[in-house]
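A quick write-up on the structure given underneath.
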Amino acid sequence: MARHYRLLYFASLRDRTGCDGETFSSTATQPRDLYAQVAQHHGITLAAERLRVAINGEFADWNHALQDGDEVVFLPPVSGG
Amino acid sequence: MARHYRLLYFASLRDRTGCDGETFSSTATQPRDLYAQVAQHHGITLAAERLRVAINGEFADWNHALQDGDEVVFLPPVSGG
Amino acid sequence: MSAFRLSDRELDMRALGQELASPSAGACVSFEGWVRDRNEGKGVLQLAYQAYAPLALAEGERIMAEALAQFAIERAVCVHRTGELRIGDLAVWVGISAAHRDAAFAACRYVIDEIKRRVPIWKNEFYSDGASGWLHPDGSPVQS
Amino acid sequence: MSAFRLSDRELDMRALGQELASPSAGACVSFEGWVRDRNEGKGVLQLAYQAYAPLALAEGERIMAEALAQFAIERAVCVHRTGELRIGDLAVWVGISAAHRDAAFAACRYVIDEIKRRVPIWKNEFYSDGASGWLHPDGSPVQS
């Protein structure tokens, strides 16, 4: 059964998707599978190995068990400072 | 024949001698001998090895050949910063 | 006030510096990151920073706590700009006060290095040739 | 203006900071030496700096030239106070701007270390027990 995840996009992923955030329906239960679907949907070529993932405002593992309604953010390599 | 050197005192040497500077008559021709005389005259116990010497505003060797009228400064260990 | 903050307005270094004051501190080391007019050989006109604010604040605060735990320092403050900046603008400020300078230098370096490595903030440079691009930490462009 | 200066008045950090500005500089590291309220376990009320000015200026300027030659930096400024200072007063300020932070940190550290080691400036601390004393670079008292 599909779940609904809240996705936020930053930097190059925001440019690519054309949006700050969206609700994404998916059968994925881990960030790894969710990213594969999101990347395919939006034509993102950035490999997951280049990204980190955050769930509900904290860094998380790619095989973390997602819950319906989670806020999931795929973080491009940072460049602050 | 005695020469006249212009001596300036700083920090602990100024406290010990009780003056900022003085003209000192001496037969010494090198800072090493001059310091021995000055130390004896003023009761300074600080060893020459703890000091540096400056002549006419530049660091110099203890065996530099002094000229009549030179400004000679015996520099206690510095503590700026 | 939190030790790590984000700001969408010009930073007031005088006010920030006063947060570091301590009668037992003898050394203060500060780092300022300014917007440069070039990067990797390309002319830069301006840039913009985006932050994932909740996580940036949490991770930034962790870094400050690490610095306070690892080094003999008294106060530590870091503020990072967001939004659009021009050449010469202050993008990030780190200030550390300590009894002695060894710890102040080491902690200041630690904070800026970790901020650049771990905090979810992204820099978009706008070049004089009309292009723009998001950057990796090493200054090279991100291809998404 | 000379890169190394002595001042018998309160330092204006804002004006000093502006001397470091450069459109190609991305990093600025500054060191502030403040008067602490204690040293070697003794309470300090105030202190005074004496300098042998002609040699201090010449040696300070040599140190700044060494920093500019040895590190990839853009601007370097150092000002040291003379006269009487109170707790919390700024005694010495070093500011370095550079394209990148490695050089700025290294040069700032080099300058303050060499200033403290080589420049003929002496600190006299006045203690809360009524004593006072001239200090060695390691903070221990000088016996003359």
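Note that the chains are named A, B, C and D in the order they appear, and that numbering of residues resets to 1 at the start of each chain.
Methods note: contacts are C-beta pairs under 8 Å (C-beta built on N, C-alpha and C of every residue); 3 or more make two chains touch, one makes a residue touch a chain.
Since the structure is predicted, the reported quantities are computational estimates derived from the model, not experimental observations.
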Next item on the list: Taking each chain's centre as the mean of its C-alpha atoms, give the chain farthest from chain C.
Entry: B
Notebook entry, point to check: If you average the CA atoms of chain B and of chain C, how far apart do the two points sit, in angstrom?
Noted result: 50
Check: Could you state the distance in Å from the CA-based centre of chain A to that of chain C?
Finding: 26
Next item on the list: Two or more other chains in contact with one residue: find those residues in chain D.
Entry: 33, 112
Next item on the list: Going through chain B residue by residue, note those that touch at least 2 other chains and give them in order.
Entry: none
Check: Looking at the whole structure, which two-chain pairs count as touching?
Finding: A-C, B-D, C-D
Note to self: Give the list of chain D residues in touch with chain B in this complex.
What the structure shows: 33, 49-52, 54-56, 58-59, 80, 91-92, 112, 115-124, 134-137, 139, 142-144
Item checked: List of chain A residues in touch with chain C within their complex -> 8, 10-16, 44-46, 54, 57-59, 73, 75-81
Note to self: Which stretch or stretches of chain D touch chain C in the complex?
What the structure shows: 13-14, 17, 21, 23-38, 87-88, 97, 99, 101, 104-105, 108-109, 112
